[in-house]
Every structure is written in C-alpha cells, then in structure tokens.
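Once you scroll down, you'll see the structures, which are given as structure tokens.
Next, two complexes with chain A in common: one pairs it with chain B, the other with chain C.
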Partner chain A sequence: MKVKVLSRNPEHYLRETKFDIHKVPRNYDPDLHPFAAAREYIRALNAVKLERVFAKPFVCNLDGHTDSISCISKHPKGLSSLVSGAFDGEIRVWDIPQQVCVRNFTAHDGIVRGISYIPNGNSFTSIGDDKIIKTWNSLRPQFGEEEKPLNSILSKTILYGISHHRRDPIFATCGEVCQIWNESRSEPIKTFQWGVDSLHDITFNPVETTLLASCASDRSVILYDMRDKAPLRKIIMKLRINKLCWNPMEAYIFTCASEENLYSFDTRNLKHPVNIHHDHVDAVTYIDYSPTGREFVSGSYDKTIRIYETDKGHSRDVYHTKRMQRLTCVQWTLDNKYILSGSDEMNIRIWKARASEKLGPLKPRERASLNYSESLKEKYASHPQIRRIKRHRQIPKHIFNAQNVLKAMRQKNKRKEANRRAHSKPGSVPFVPERKNHHVLAEHK
Partner chain B sequence: MGKVNRYFQPVEDNVQSSTNEKFVKYDVDFNKIHDRKKKFKNVHKERKIIKKIPNKNPKFKGRAPIPEELLEKYGKGEGLDCKEIKTKIHQKKIEKKELNIKFATEQAARTEILLTEEYGCLDADDGETTTQYTQKQIANNVDIAAASKHFELKLDFGPYRSKYIRNGRHLLLGGKKGHVAAFDWITKKLHCELNVMESVHDICWLHNETMFAVAQKNFVHIYDNNGIEVHCLKRLNKVSRVEFLPYHFLLASCSDEGYLSWVDISIGKLISQYNSNLGRLAIMCQNPWNSLLCIGQSNGVVSMWSPNTRDPVAKMLCETTPILGLNVDPSGRYMATSSSDRTIKLWDCRKLTGPIQHNRLSSSATLLNFSQTGMLAVGMGNIVEVYRNPTTPLCSRYIRNRSNTPTSYMEFCPYEDILGVATSKGFQSLLIPGAGEANFDALEANPYQTKRQRREAEVKSLLEKVQPELITLHPSVISTIDVPSLKEKVEAQQKLLFVKPPNIDYEPRKKAKGKGGSVKVHRNKKIVQEQAKKEFIKDTKETQKKQKSNKKTTSNLLDRFL
Partner chain C sequence: MAIQEDESIYSDEEVDEKKHQQLVDKVLSLNKAQQLKKASRTEPTLKISEFDLVKSVSGKKGSIYLDDLTKSLSKKKNVNIEHKQILNSIHSTLPKPLEKPTADRIQRTVAYEKARLELDRWEPIVTSNRVSTNLSFPLKTEKFKDKEDITSKWRLKTAFDIEFEKNNPQAVEEIHVDIEKEKFTLSKKEILKERQNAAKLRALQSYEEAKARRNKKIKSKRYHRVQRKSIIKQQLKEFELLQKTNPEEALKRLEEIEKVRAHERFSLRHKSTGKWAKNKQIRAKYDKESRQELAQQLALSKELTQKINDGTDSEDDFPLPEEVTTNSSDKDNLFHNLKVDDKVKNFVANYSKYWLNKNEEKIVTPNNIPATCEGSSTYIGETPVVNEDTEKSSKDEALMKSDNCEVISVQDTNDSKIKVNKKKKTKPVRKSTGTSDWDIEVMENDNIDAVFDQLEKKMGNKVEKKLKNLKGNLGTKPKKQKRPAVDKEEKSLLTLPIQKKRPKIDEPLSESLNRIDENEEEGNELTMLSSILQKKNTEIKKVNNDQNDIKIKVTHLNSEIPNHTTIIDEENKSSIEDYIAEAFEDCEKLQAEFDKEKLDEIEKHKPKDVNLNLPGWGSWGGTGIIPNKRKQRRFIIKAPKHIPRKDDNKGFLIINEDASSKVKKHMVNELPFPFRRVKDFEASIRAPIGQTFVPETVFRKFTKPSVHTKLGTIIEPMDKDVLLNKTNS
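Moving on to the complex of A and B:
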C-alpha cells in the first residue's frame, strides 16, 4: 500500500516574522477562478467610477492682478516660473510651487499684448499697445534697483502678438504687418505683408523652425517662411480665427481656434481641415498643445476649458468653476501635468491635465494598479454602462442651454437642406461634407 | 529527493560549445580590402565585426516549449480571424490584442512549473484493491499531521448536515434537533456551539468564517462566529435548503412551499423571490461555474434557475424516476444525478447533453458530491463510496466506507484530501487521498489566511461583487460581441425607415351589364388604394412611436442581449 495524503507544511505558507510581507501562492488554473469575465467587467466598472470620483482637477488659484489677464507665458526651461501680463499694462512673475507672485511691475502703457520667453529663459520680451517691444531680465532686480527693461525698441506699427524662434535670437511680431526681428537690432530684419489686414496672432513652428503662421482679421490664416521673401499660403475660413498653435510633435499639423469650433489643418493639404473639434458653445479664444502633441487644451468665451485628443472630434474633458469667467489664455505646462488658465476676472488658475490623476510620487504597487485599471477601462470602453459613466460631466446651466440651442440650429439647417434637396432637381443641392463646410479657400501667393 | 530532470535543463557537455558557437569574431584588415580608399585617413583603423551566426544545435531552440494540453487548459478559446476585418487599422489592433492574449496564455501555462505541492495518491499492492483499505489502515500509513485529520464526532442531535467553508479551513455542523456548531476543524478550535431550540433544516457559511446562515423551523437566521444571532430573515420562511453564491454575495434558498429566493447579504436586499410551481423543493445544489440553482424534481427533471427570470433557464430530463441526489462539479463541466431506480448518470453541464456515463448501483444513492479533482462520492444508506474518473469509461470504485448509522450529508473539503460525512449520530472525516486541489490560489481562497488578510479579502470581494443580472447560463456572456442583435437592430431600423405602401390590385366585382362604367371602376379602385395607403402610414407611424418609447425603458446591463 502506497499512500500519500495532502499535508501542507504551514511554514511554507506563513510569513516568518511580522515584518515580512504575506506569502501569496498563486495558481492560475481557470477552474479556480470562476466568473473571470464578469468580475473583470465589474472591476472595469469600478475603475471608471473611481476615475469620476477622483476627478478633482482644480489645483490652485494665483490672484494679484488688478485687471484681466491678457497673456501668459511659460518658462521654456523651468517648470516653476510663469509670467503673465494684464490689460492694465502690468506684468507679474509667479512662482508656481509656492503659489506666490515674486515680482510685479508696470511694463506698458495700455494692454500688454504678448509675452515671450527667449529660448534659454534668461529674459523675456513683452509688447504692448504703446508699440514698444521691451526685453526684461528673468531675474528680479537687486534691492534698491528699479525695474528697467534690458532693451526697448519702438516699433513703427501696432503690435498684437509676439512669438520667439525655437533656437535662434529671432522673434516675430504681428500687427499691421508681420515683422521678423533680431534681438540685437532695433529694426525688423524682414517684413511680410499680404493685403491690408491686421494680424492678431503669430506663432513660430517649434519643429520646422523657419515656418510661421499668423491669424488675420479677414478670417484668414497666413503661413510664412522666414527664409522667403513673401508669404507662402493663405486659408480663408467662414469665421475668424482667434489663435493658432502648432503641434510640437508633428511639424505639419496646426490647430486654430475659431469663433465656434477648432480646426486642425495639415500644411501639406490645406484644402480642408483634417479634423474639426466641436463642443465649445462660444468663441474659442486660446489653444495650446501638450508637449506630447497628443492632446491640446482650449479656452473659450463660454467660461470653460476643454481638453481634446488631437484625433477626436469631441472633447475629452471640460473644466469650469463658478467663479471663472471668460478665458483669455490657457497653457499646457511642459511636464504635461498641469494646465494654466488666465481669465477675465483677474485670476490665473492651475488645473491638472488629467482630472483624476494622483499628484505626487506613486508607489510601484499603486502604479501597477492604476495601469491595470487604465487597461481595463480601455478594454471595456465600448460597454454601454462604462461609456456612459466615462462620458458624463456636470456642466453649467448656461452651457447646457446653449448646447441645446446649437443643436436645434444644426438640426434646423439639416432639415432645411434636406427639404431643399428633396424639392429641387436631383444633383443641384450637393452633399457638402462637414469638413469642407467651414472653409472658403486656400490661396497661393 | 532524487535529481529532477527538467525538460529545459541542458545537457552539461553541450553548454560550453554552444556558448562559443554563438558569436564569432572576425579580425579584418581593411587596408587589404579597400586599397582604393587609402587616401581617407579614417579607413586605416582596424575594425572588429561581430556577426551573429544561427545556432545549428537543434537541442537548444530558445525557450522551452509548452505542452499543448497546458496551452489548451489556460487558453481563452479561439481568437478572431483578423483577415476578415476590413479596416486595416482595426485589423492591426486586433492582431496586437490576439498576440497579447496568446502571450498571457503562454505565461499562465508556464506558471504550472511553480506549483510545488503534490497531489495525494493511494496505490494498492499486487492482489489488493484500494477499496479494501479501511480508514484506519490509511490513517496508520500517513504522517501524523494528515492522520489527525481523520476523526469522528459523536453527537446526539442528528441527523446532521455539515458544510466546509470555501477555503476548507472551517466546518459548520447543524443537527436536525437544533444543534449548531462552528469550528476550525484542523486545530479543532471551537468558534461557537449553540442549540437554536428549533429544528434545523440546513446550514451554510456566508462569505467568510465570521457569519453563517441557518435554515430553521420558520425562518432563516444569520449568526456570527460567536453564535450571536445577527439577523432573522423573515422573508425566507419554511426554507429547506440554503446555498451561498460567493461571487454574487447571494444567499439562495428553496422552501417547502416551492419558493425560490435570493437575498443579497451585503446590502440585505431580497433580490428575487418567486414560486417555482414545483411543490416542495428539497434537492438543490448550485452550479459553481454559472451560479444557477439546480433543482431536482420528482418527475426526473433537473431545472436550472436564475433570479432574473421566473421560468427555469434550462430543464433537463435526466431520469424517469424521482431524482434523489444531484451535484455539479466545481469546474461546472459535469452534473451527476441519481434516482430511485438505483442509477447514477453524468451529464455535460455546459452543453446540457448526455448522459456521458450511466452506472447502476446496488442500492439507490441519495447523496452525491464531486471533489475538486473530479472524484465522485456516492452515499447510499450507511455506505459511502468514492469513484475515480467518474466521467470516463475508466470509472472505478476507489474507496468504500461503511458506518453504523445512515449518512445524512457529505461533502469534500476544498484543498484537502478529506470527505466530511455527517450521519444521524455525528460526524466523521474520511481520508480520501487525491481528492483535494493541492495548490491553492491565495487571492481566491487561502486556508492560511490571517485576520488582516481576511478583512482585506472581504473588502476586495465586496468591491468585485458580481451583479445578479449576470447570472446566466453562460457566465462569460458579458465579454461576447453583440453581433446578431446589432444586425437585427439595423435591419429593424431599415424596415421602419424604408417601407413602401403595399400595391393593391383592385379587381372589381363583375357586375351586370349597364351598371357602372369604366370611370366608376377606376374611381373605386383609387378610393380603395388611397384607403389602404392611409392605413399603412398610420400603422408605421404607430410602430415608430412604440420603438421610441421602448428605447427609454432599457436600463438592465444585459438588455443588449435580449
């Protein structure tokens, strides 16, 4: 008789001392794990619910300005510093981790129109309604010294926007004309003009560094090459473009904020936008890309900030508070973690870029568990319950109402077009795809 | 322990040569080869090139292969055929997903090597059979720790029912005459012992050893591990059998009056209760694979019930005579039934077909129980027999035990080689070598759980509580694709949107000459056609309205499968 009965040695299964972790023997036999699918689904459901529970995006509020914020600029090298300009000509420098203003001075007579750091971050350039381009040292003046610009240039034309070259000591301004400046000269090295419009925004391409784009008041976007003598291309839209931002990872993609929607264009084919990003109910005033180039943030006149994925037509998230008024500027910080917003009611707000993300360091097990729930959410994303919870947002009443109005308008237009099509000669009322509907023409010079 | 040869272990002689073979260095004098390029200074340097040469030794082909049967065991079924997907991007996505699943399966199969504990076994000597060994003999031949697991309790309040907890560590006894006892049967430490002063019909552990339910004369009562009555569930009255569904936190019961009920013990809510219209219910078990309740009826039918519908989800005509014993194996593959005509039949519980095996016994079996390794214990009067491989033609009697009093209940202990047999005069635990699963999963059921681990597991399992709507015939229905219903939806939509009014062929009655000219006929025809068209439009509008109103009422999670 040969016999063996299961007899486990408890020492193999119990921890030796109180300071050890518990032993967890695993057996992945599927028979020991019933309801694998159902339990995984419940886990996904819990994960998506927890994501909504922990979605508290607002971090802090920087107050101190005595007029609305007109522009903010983030430091190109450091994460802790921020410069903001206001409508009363004041510039403030903030220390973000301490949440305090470290420096403030009146820089211009009238509105500060734009601020731009130079690439090494040692100084920043500001422009104002007084037509002066001033360069300021990033460091605070010594005790007893007055705030004085390092350099100031009087421009002959009005200035509305400024953008610095990614590497070289060159910056561009826009106003009546587009001008390229060298930091060491007091005259523009190049001037571009196409029509007699006023240009209200200009941006250097961060990858293809000689390329520039500006928004004009005749509802157009003009592309320039710094090496060229004349502007390159012009796109005219049905509504005015307020702000434009290049994708920092894909040199040929830019997104512009219009009076209603956002449009992403591919410079290689400007005939129609590659994507239209809906959801704002009022004019979009500002847009900034995340450093990864996968997402961008937009601020709008409807008092909300929305975050979009570049390839999606609708926003991933919407941020709002009761006190935040119309947005004038938003920025995505270079560590891809925070969003800075400046608004009409004199405050700069700091938000988390991913609303439910935990701030601070994560322990390895915590990170593993978060990664697991992330992939669960992705796996079960198309289940109706999970999709519903993931998409649900509380939005202010005025936006809810405006959305309904817009929806009714859109439906009415659709119905009208369908009626017209039904009662006219076949083919005389063509189907125009949404992407071609907002666009008037693209021109060469 | 002898030296274990693993299939991935290389033969020692070849180790040296194989490592040398892999990389061969070439020293090349580039001056000779590129005479023309001598004018370039950089070329003068000697360079070393490392070239990879394919390994010619067929004995070492990278990672160890995984046996097919293991891959099948851990496999997640056939994958999708990516070629049928039309969009390239989705094709790539699915391909990647399939690769991930394949990788996961392989990794799971490779973990088999980490399972250290060995299964029990009992081999007979020449000329002997395993059935002739008595419990005493077996206990004498095993180690002391295992021998101490064979014990007998003499109790006076029988006939008893006994239940092991899910990790096999604790035992609950309930005597018909009111005796209820809960204890850790390995250390023999008593948690509580009480007499409820009522008849006890059934008992069961709830999610852990701190609580258990007792079906008493009128109601089901819940006690904690100190024997203090925590709840009295008055909605469950005259209950004959109780079962706990651990992943749903449901206490399922059937009653003398034919009622089936499910109570969610985590929120104390009666999920569902209805009359099965079958009269007195006394033979019930749960299918651990899909948590359906199987009920053996006196007409030989086994019906399977879920809390979501008032009709049985499935019915199987298993016997021609009343069913006496019924059990489903822990993997949910097989169901065993026994009836008064002294037969045992084994059924495929997933396909709902069978019988796979059909055996005749000397007397009719009233109790059946599957072990984790697939052994089947059969109780007939005072005799308990255990069968090996009951689902195959190799089915053989393994162990036979006779006691003085008739058996009232028996159950295999999970993760132990133990069969607990409750009789009318007490309880005895029998050693059945090879009955229990040797390697437990500590995150699922841990016999060596500490108090803190138990608390954590409780919270985790509550978070993962599966909703009662998911109790269906096939438990993984939630992860399947809703293809046919989507197709149906599209078709239904199209049917509603693109319908033409019917063509009506109006055939006028033949009339006498002179009555009604062709004008009149034509007018009548028009009128009839117009009427039909109007009716048709009205009907379609109504159906469209109905469709819209139907849409709003969908809230259940599984409605998409309806």
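Moving on to the complex of A and C:
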C-alpha cells in the first residue's frame, strides 16, 4: 500500500530576508476558504484606512511672484515647464522638477490677463490690460540680451482672455468682442459679436477644433464655430459663468464654473445641464479637465481646490492649506499626475492628483498589491464603514460654517416646497429634478 | 472738365516725384494750419474702422466724384451694352431682404445644426470609452502604427530554423500573400463599372419602394382580398409540390402553419366572437344565468392568459430583449398576415392525421419496437404507449431524445434508486435510419409535467429557428416599425451595458472640523435611555402581540463546519436508554444554572438610572453639608423597570440583543445603485478577487485598474483620426 504524506520543507516557505520570495502553494477550492468575503472585507477596511493615512497631496510650492497670480499655462509638449502671469504684469517661467523660477520679466503694464503656449511649445502668447498681444520665445534670452517679445500686436479692443487652437497657428481672444487671430497677421481674421457685454473667458475645443466657447458678463455662454460668420448659440444662466473648460476626450461636453456650482453641458442639448457638481461654498473661479477626461479640478474663491469625477455630483476630494488664499487658476498636468494651483497670495502650489498615490516607479508586486487594494475599495465601497472612512475630510472652519449656512438654506427651500405641495391640489406642484431646475434661464438661437 | 485739364498737364511733362513732393510740402507749410495725413494701411482687414476713413470720400468736397467714375465707363461701348441688357432683364423689384435680427438668427440656427451633427459623430466612441472598464492612456490610435513596424517584426531565418523546417515541414506555417491583389487597386474602368452597378441597384430599390408604396395606398378592400387569396393559393400549391419532393420540409412548413393558427387562436382577437358567446351576449341583457356564464368564461380566460411567474429572481432570468424582437418580427412574417382558411385547416388536419397513422403503424409493428428508441419514426406524445420495452425502462424515468441518443434522466425525489444497469440497457445504439428528425419520448404519468415543459422548450427553440430560416428563404424584409416619439435628449443617447458591476456612490464628502467631537461618548448613554423611554410604551404592546407569531428564519451558512458524528461503541453501552439517562443525570442542576445565567444576562442589559445631579448647583455644598435628597432625586432620570426582551417568554433561551450591534455598523443597509436585487449584490460581494482565493490570471483580470496611465507621458486630447474608417488601410 502506498501512503502519501504531506510534508514541506520550511525552507521553502519561511523567509529569512524580505528578498526571499517563494512560490506559495495554493488551493483555490472555495470550500477551503469559507471566510473569503469576510477576509476581503477586512483587507478593504485596512486599505481604505491606509489610503487616508497616506493622503498627503501637497507636493511643493513655487514662490517668487510679487503679486497675486492671475493665470498659468502648461507646456503642451513638456511636463517640466510652466508659465505664470501675475497682477503686476510680471511673467515667470518655472522649472517644475527643480522647483525654481527660470526666468522672469515684466511683460505688460497692468494685469497679465492670459497666457497661452503655442501648440509646439516654442513660444507663448500673453495678453494684458495694456491691450497688447505679445509673443515670447520659450527659450531664455542669451546673456546680455534683453527680454523682448518676438511679436507684439496692438489690439483695438480690451483683452480678457486668450486660447490657442490645438494645432493650427490660430488663437482667439475675448474682451469686448471675440476675435480670431492668425499668428502671422496683426489684424484679427474674424470677429464675432453678439450683444454688448464683455467676454471674460474663451476656450477652444481641443477635439472638435473649430468650436469655441466664451463666457460673457451677462451670465451667458456663447458658442462659436471658427468657420462660420455668426456665433452658434447662446445660453443665459442663473448665475455668472467664470470659466469654461472642454472635455478633452468627449468632444461635446464642457463644464463651466459658476458661482457655487459647476455645470456640465452637452453642446447638442443646452436646455439643461447634463450634471451639476456641488460642494463649493463660494464662487468657483477656475476649472480644468484631467487629460483623461474622467475628472476635473476646480479652484474656488472659498480657498479650496476640489476634484470631481465627471459623472458625479459631488467632489471626490478637497485640498486646502492654511496659507492658501483665494484660487485664481488651477491646472491638471498633462500626465494626469499633478495639479497646479495659483492663488491670491502669490504662490503656485503643486498637488498630487490622487492624494495617497505613491510617486515614482512601482515594482510589479507593489503595483499588483495597490491595484488589489484599489479594487477591494471599489468592491466594498457601499459598506458603511468603508464609505465613512473614505469620505471623511478635515476642512477649515470657515468652510464648515458656510456649508452649514448653505445646508440650512437648502433645507428651507425644500421645506417650503414640501409645504406648498402639501397644501395645494395634488399634482399642481410637481417634483422637478435638480438638473431641470432652471439653471439655464434662456437659450438664444 | 477739371480732370481732363489735369490729364493734359501731367501728360505733357514728366514730373520728378521727389521734387514735386518737396514742392507740395513747402506750399503746405505756407499754410500754418496742420494737415492730417491720410491713413495708410498695409494689412488687409475685414473691418474698416471709422477713423481710418478719409473724410467724405464720395461727397461733393472729396477728391472722387461718382459721376466722373460713371462717365469713364460710358466711353467703353461693350460695357454700356451689357449694362443695358441687365437693366432690361430685370423687370420686377427684388424681394425685400429679411430684417437683420431674423436673418442672423437663421444663420445661427443653421450653423448650430451643422455643428451639432458634427458633434454627433463622436457619440459612439465617447459612449464606449465611458463604459469600458479599463482604458489605457494615451489612447492608442492607428496613427502610431506605421507600415515599417510590420517589417520590424520580420527576421532572417537562422540556420536552426532552416534545418528545422527541412526535418519537419508540417510544423511550418506558410502564409501566402496574394501579391497581385495587394499591389493593384481598382482601375478607373473598374471603379466606373462598380459605380454603375451600385447606381443600378439603387434605382431598382427605389422602383421597388415606389411600387410597394403604390400598392399600400390602394384602398380597395376587394383588391386586397383577391390579393390575399391568390397568395394563399400559391402557398398551397407550393406546399403540395414540396410535399412530393421534400416531405420533411413540408412537415416543417406544416408545423409553421399550425403555429400561426395557434397564434391566431390565442390572440385576443377571437375572444368572445363565437356563436355561443354572441348568443350569450344577446341574452345577457335579460337573463341572469347567461350573464353568469359569460362572467365565468371571462374569469377563465383571464386565468389562462395570466403570466406565470417562476419566482426566479435574478437579473439573468429577465426575458432577453432579443426574444421580444423576434416575436414582434413574427408579425411581419408572411404566414401571420394571411388568415387561416378552412381549406387550409382541413388540409393541415388531414396531413397530420396521415402522418400520425403512419407512425402509429410503425410503432405497433413488432419489428420496429427497438426502432422506437432509435428514432426512425415519429410520435406525438400525449397518448401513452404501452410496450414491454418501454415499461421496463419506465422505472428509470429516462427521457430519450432519439435523434441525438441523449439520455436525460428526470429524477423524482421519491425513488432515489436508479439502477445503472437498466439505464445502460435502454440506452439505444446509434443507428439512425429514419427519414424524419422527430423525437420519441418514453414517459411515465408521474412526471408528465416535466416532460411537457421540456417539449415546450424544444418546440419554442425549433420554431424560432424555423422562423429565421423561413424569413431568410422568403426574403421578406422586416418592415420598419414605427418608433415611438422620443425626446430630442434621449434620441442621441447611446447606451451600452455596464461591463463591471460595482456600487456607484455619489455623495458629498463628510467634512468636519479638525477637532473630533468629544461629547459624542458622553451623550451616548443619555440618548439611549431617552430613546428607550420613548419606545417603551409602543414596544411593549407590540411585543405582546408579536410573541405568538414570531418566526425565526433559520439560515444555513455555506461556511458551517460539518458535523462530525461519532459512532457509538455498542460494546460499552448496552442500550440507548441507559445512555440518555446518563446524559440527563444532572438535568435539574443544569436548569438552575441556566436560570441564573439568564437572570444575570437580563440584569446586565438593564438600562441604569442616569444621575444628572451637580453637587453644589442650587444649594450649598462642601463637607459636612448633607445634600437634599428630594432635590437630588429630581435630577435622576429613571430607567424603566421592565423592558421587554425577545427571550421573555422563551424559557430555555437567552437572546443577546446587543450581539449584532457590533456587526451592524459594518453591514450595508441599502442596496447600492446599479444593483437591482439583493441577491445580485450579495453574489458580487461573495465572489472573492484576491490572490489567495482565485488564480493569478483571474486576479490580474479582476484587479486591472480602470484608468491606466504611463509615467511621464503626455496624454493628448482625442484625435479626429479615431473617427476615420480604417478598413481601407
């Protein structure tokens, strides 16, 4: 008779050092793992706790400007450089990995209103309150040479915003009117005007590259097609739109930052927003999409940065520091890893886009384990403890208080509506979903 | 006149420009008033600024006179003629142009529509990207795949390879590239021919369409009747022909016709249209009995037409949308359109009878008895056939599909003994000699239902298949169904099923101040007590009522440790009674112990009084002062004496009501969003994804991140190349 005996050499499974990685014999028979779900739950719980432990999003701070930062622009072809403009007319070029200012010069009299790199990144264009459009070389001038613009165009109208076409040597400015310029011409090749209100922001669609959108001070968003003679359409919102950003992966979706809320729109149907993103307690001043088009970041007058997933109504994360004041501009870097923010108190901050992500290259085993914990968190996301730990954040007092005020206001409205509904003929006060609740006042054809 | 004079002056002598300019300047300088220079532009612009214009270019004081310009025209003869011709050709006045706002609006609307259509092109790719579970950025486009890349994969054969190929030529896979096809694209002639063909096809199609439309428009009932009859006639003819040539096909066709008839009959169209029903309806007005009968009939029909709910509740069990569509397309089938004539009915009945008889004959003849199992004949199985052979095999309750020689055993719970030997005996040898593919079933009365169910299923499948075939044969195109009017918003939205089901949670962050609430712990006890007090009255009543009909649901966990029963040693224990007696020797002692334990448990979980008394508050405090008892008592919140417990009336049972409170806070109390059933959600949680529980490859698949990016790589916005059709390359 043959007897089989299970025997193992402890050398095959005991580790002397952490580098001894043995093959672990496993039996996947589900009957042998009766507590699989429970064990995974504990793992998920640990993973989510660790996520909060490691959540340290702040990376570094670039200081040097002597006035509040008005605008920043990221290099379209490189990840390491960044241009920023300030309210005193100064422009600074930064080297992000070194965390130093490479170059600084006074570009405009008054505020630098906008900066935009040209698509190949060889030069950048800036506009200011002095109504001059200046093009600068990306390279530093030689020793002894003076900072001089490559080209400067005197505009006849005030300029508030600039946006460059994704590929062609064409850029658009806004101010009194919307103008399309060719880089080689000193006169606009096209001018759009609809109404008399000033336009404070303009953005080219990065995917459907002939489309543009601008925000006007009469609380409207106007769409243009570069090829057409007239603008396409205008919507008037309840509150003013401060900034608009197109989704880089979804040609027809754009999100605009309004006072308090952000609204995502489908260009093909402007009657109602596709989604409303809450959580800011003050005016949202800036928004930028992540290059994957799955998320976007917004900076606000309430001194916080919030990150949203495009299909959700509430923020995924909130960043703040004690010293960071009102945000003027936020950008998501093109490698989907970092967030750059410029604020009122003259600093540019760099944040991680995912607060607890480990920076730098990962070893395969490490990556596998991180992926595992990530999917565990996803799997058990609806469990109350995991949900609670995942969504818990500390916030400054003024935001907490403002949130309470807003909550009270919202509840008041709700209660009032409920009362009205209770005391009127059934059906006469219908339930209106939030998305259809008159955020868009009018749509002008 | 003035110009002419000027001309004559300039034409006479050549003027030095420079000198002339100097002269002009000097003359001007005599006049002390400042002269504005005319604006000069180098850049072509669309918009002319009012400041750039010279004053009154076309006015009387300006240097250009319109009259002079026209005069110069008059000198040329042909221009004049053309001008006159044009003038003559225009008789009426042009229509008044639209007002500017209206015209602008129209322009904008058109432009917007155009842009909207352009954006619509992105819909599929956006939707697919949204739904996909894992995307790798930067997104791969064809642009990066150059033709050089293919060649880079090729390599020269090594000596080993050549040797290897020599030795076993089968292992070498040869790929032949049709060079002729690769090289030459279509010539111009070929392209033209192709286009011609396409045009012809299109024209043909349009003719057909027009014809169909014309036919459809004919209102005459008679015409349609004649048409229908002729179609039926033709069908019958075809069928007869088919019967002679291919009886199998004919049978199929017959079945099809039968099916159509059945459909027609059980559709609600013929409800209460029979003679009997009509008579009853007429009588119902005056006769109570007939009214009752009619009501009964109605109830019966309702009962029969009610949907049978299986009680299986999983998303997988939902009727597939495909099935629905096939049903709807049934209507388009030719057979459905024609009403079943009596003629046809008779024919069908006769034909099926004929086949039935034929089969029965076959079954009865002793030679063919074994053949019943082999599948040579047909048998429609309501009438039980009593054969020696079948009787023997009936104990097995085996259901045989003769065509595939499969044995499906339908087990009854009562008789668990299935003898393998017998099964083997009845298992037929594959010797299909029959002409038809009809099924033979041997069955018993006990499980006739199961058999019927199976039959139905099979029939359903077959009918579907046939319908498809038939449709293909007849070449009838399914009619375009009228779509219900959909909103503009919904129209454009493509939907794809979610590939990976995970709970989707959209809720605000729970944001708090940096300080953790410390009062929470203190207040806990008080709130508990107050809640108890609130509940107290209602709960006692409730519990008293409920006590009778509390049903405890016993759940069996899969993870339960199996019972290891030990076998009693018969040598030691003479009888079971002794054994039991020994076991319950100290029963009373145990009972007393248990009672005490229960009392302790109850005592432990009793809520205690809460003392809110602050010494020195409202009265003097300190050593030597006895606090007022009455005052103290006022600040004690008393706990209720008796709080109903679940185990109150259950003698030998302690129910720990707090035990679940620890687990409770970890449990999900609401079904998360994409899930519709608790069952599905539980299943999703139960399935492990870890390396410890599933194989490595599966683990990799499960834990693939939804968004993958490369370190230090710029992610460009989506490119228009994605939209291009890549089939040509």
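In the analysis below, the second predicted complex is superposed on the first by the 397 of 445 C-alpha atoms of A that agree within 3 Å, B and C clash if a C-alpha of one lies under 4 Å from a C-alpha of the other, contacts with A are read in each partner's own complex, and residues count from 1 in each chain.
Criterion: a contact is a pair of C-beta atoms (placed from the backbone, for glycine too) under 8 Å apart; a residue touches a chain by one contact, two chains touch by 3 or more.
From a predicted model like this one, the values you see are computed outputs, not experimental measurements.
In the superposed pair of complexes, A:M1 makes contact with chain B only, with no contact to chain C. Between chain B and chain C, it is C that contacts the larger number of residues in chain A.
By the touch criterion defined above, A:N46 lies against chain B but remains apart from chain C after alignment on the C-alpha atoms of chain A. Look at A:S315: by the touch rule set out above, it reaches chain C but stays clear of chain B. After overlaying the two complexes on the shared chain, residue contacts for A:P10 are found with chain B alone; chain C is out of touch. Within the superposed three-chain model, A:K397 lies in touch with chain C and out of touch with chain B [touch as defined at top].
By the touch criterion defined above, A:E366 lies against neither chain B nor chain C after alignment on the C-alpha atoms of chain A.
In the overlay built on the shared chain, the residue A:H22 is in contact with chain B alone; chain C does not reach it. Comparing the two complexes, residues 26, 28, 30, 33-37, 39-41, 43, 383-385 of chain A contact chain B in one case and chain C in the other. The touching residues of chain C, counted against chain A in their complex, run 43-47, 49, 104-105, 107-109, 111-112, 114-116, 118-120, 122, 126, 129-130, 135, 137, 139, 488-489, 492, 502-503, 505-514, 558-559, 665-670, 672, 684-686, 688-695, 699-700, 702-705, 707, 709-720. Across the complex, chain A is touched by residues 73-74, 108, 111, 114-125, 128, 133, 137-138, 141-143, 145-146, 149, 247, 288-289, 291, 330-332, 415-417, 431, 433, 436-445, 447-448, 450, 453, 463-467, 470, 475-479, 557, 560 of chain B. On the side of chain A, the complex with chain B involves touching residues 1-8, 10, 12-14, 22-43, 46, 383-385.
Across the complex, chain C is touched by residues 26, 28, 30, 33-37, 39-41, 43, 76-79, 156, 166, 185-187, 189-191, 206-209, 211, 223, 225, 228-233, 248-253, 267-269, 271-272, 278-279, 291-294, 311-315, 317-318, 334-337, 361, 368, 371-372, 374-376, 378-385, 387-388, 391-395, 397, 399-400, 403, 445 of chain A.
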